[in-house]
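Listed after this line are the structures, all set down as structure tokens.
In what follows, chain A forms one complex with chain B and a second complex with chain C.
Our next item is the complex of A and B:
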């Protein structure tokens, strides 16, 4: 299983979109997450530790954006959700799971 | 010869001569005097004439009177810098500079210096204060100006001053994009004893506030008549009276203007009704903005910044949040009842004059952050 450590991307996660500033959630998703998912599917672990902190916009765009942009299926999202880890702040992993779940349910509503 | 013995005709002649000499000399003297005055004035205008702006005794936004004086001072500063070549800022009466007002002042000055680089600044330094206990001389206000970069910005010579620990920890920075590294380094600089969890929470609020500045604060020109294109944000971190203070400021159109642009009125009305507010005042719109999220049709995944900005209050019982935007001010804090139950208190203040921007300020007791 591949492990992605956010701290290897940046120590200071930034805003939601690229045009707002460096190391954004959008950039992390497009540069790191999407290529890794293309290669390994949902079978990857995301390690959130080692950074200075996260704004919720960064996390929402990085993970919720995967579903909105259809880079990941609902099954892959469920698998990914169970592989988010943060020992420093376990509530972060919960938060990311909620973004994945919310984005999944919204995309299903749009489909219906 | 006795006076009485002078011939009357001769006396008249002498008097007349004297009279005309006085008139002649007087006119000449007067002309000379006026000429000198005119040349002195012209010389002063070309050499050392300054447009003087007087800073108020308290550069402060917390109190209603000080708020008005501070806003007037900043207005005079804008007017002077945009119209004159030389500006003198007089701090003769200034006894205190508080965090939000200091940040607003330095942001305003920074913006003006960038827009009018040829203006030369001078200043009358703040008075030396004497401590009430031992009468020691203290230069606190000048040290604050020093620390917030006033002298560096205006290129006025900086004096060597004693080090005041409660001032030397103040740090500020600015940027045009939401760069987390700037915020992180400021938080790191101020106090190494902060717990990692505290840093994460402070960082979360700060990066969201900065992102909001970049994303929403500057949809159109600031209504100050200068029509400048400067879309920066400024951030301050410091310790004051045992509390860590973090403030983020922008000189944009303000929350009361951007809220109706970002959200539908139906949605705003629902929040206002829930909060039992009319929405006619700036402070009410600020309060409403902290609860507004974009509706489903307007991208439901967005609008989480308000939650992050309020988040510190849920974690630290002594935390305070203050948001100034245009004429409005919204204070929020946690209060613990004797029963141990926590409840939030929100207070709204409406001022007479607009700061023409937004400041978000958090303050948390240091002992709570170190835990």
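Our next item is the complex of A and C:
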């Protein structure tokens, strides 16, 4: 199983979109997540530890965006949701799981 | 003569038995006291970690409210993510000291969502964000009341 460590992408996860700043959720999804899913399907572990904190926009865009953009099937999303880990802050894994399993994933619009 | 000798042996045996019982009692008391001291120390450590966590939560509240209330405020998004990360770190210290306390997974996720969702692009200011601030304050109140931050009296 492939393990993706977010800290290897950046220790300072950024905003939602690329045009809002560096190391965005959009960039993480397109550069790291989508290619890995194309190669391994949902059989990937995502390790969220080792960064200096996440904004929900980063998490929602990176993982909820997979569903919105149809980069992942429902089965793959469910499989991926069970392989999200964070020893430092278990609430991060919980939040990411909610974006992956929320099929509509329109939650970001409620906040605008 | 033989009778006197057997009495003396019995007397010696009794003395040894009394001495052994004394030593055993002293050892038992020492063990019990050590255990009690360890428990008191653990309880104090946990209470200190709870105080620190609650202090971090209070700082987070001030920071998030200032961020969303002030249209041209000086608080930057990175301060919010870092403050939430601090809350998680110090809460983890409590659960590390006392693993029976559950980490407030759902509550902290809700706090992060209400504090940071779209913080880089949403319009700041009390008029636009009154609802969000209200939602944040409610989620934070829920977090504060989580079992992990409850102080428990020391029990034997």
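Here is the rule we go by: the second predicted complex is superposed on the first by the 102 of 112 C-alpha atoms of A that agree within 3 Å, B and C clash if a C-alpha of one lies under 4 Å from a C-alpha of the other, contacts with A are read in each partner's own complex, and residues count from 1 in each chain.
One rule holds in what follows: a contact is a pair of C-beta atoms (placed from the backbone, for glycine too) under 8 Å apart; a residue touches a chain by one contact, two chains touch by 3 or more.
All of these numbers come straight from a predicted model, not from anything done at the bench.
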item: Clash or fit, chain B versus chain C on superposed chain A; value: clash
item: First (chain B), second (chain C), both or neither touched by A:50; value: neither
item: Contacts of A:15 with chain B and chain C, given as first, second, both or neither; value: both
item: Partner chain in contact with A:91 - chain B first, chain C second, else both or neither; value: second
item: First, second, both or neither for A:102, with chain B first and chain C second; value: first
item: Chain B versus chain C as contact partner of A:23, first or second or both or neither; value: first
item: Contacts of A:64 with chain B and chain C, given as first, second, both or neither; value: first
item: Which superposed partner A:35 touches (first chain B, second chain C, both, neither); value: neither
item: Clash-bearing segment of chain C, relative to chain B, as chosen among 38-46, 74-82, 92-100 or 146-154; value: 74-82
item: Interface residues of chain A shared between complexes with chain B and chain C; value: 12-13, 15-17, 20-21, 52-57, 60, 88-89
item: List of chain A residues in touch with chain C within their complex; value: 12-13, 15-17, 20-21, 51-57, 60, 88-92, 94-95, 98, 107-108, 111-112
item: Complex contact set, residues of chain A against chain B; value: 10-17, 20-23, 52-58, 60-61, 64-65, 68, 88-89, 99, 102-103, 106
item: Complex interface listing, chain C residues touching chain A; value: 77-78, 80-85, 88-89, 92, 103-109, 112-113, 115-122, 132
item: Residues of chain B defined as touching chain A within the complex; value: 177-181, 183-184, 187, 196-197, 199-204, 207-208, 210-211, 214-215, 296, 300-302, 304-305, 307-308
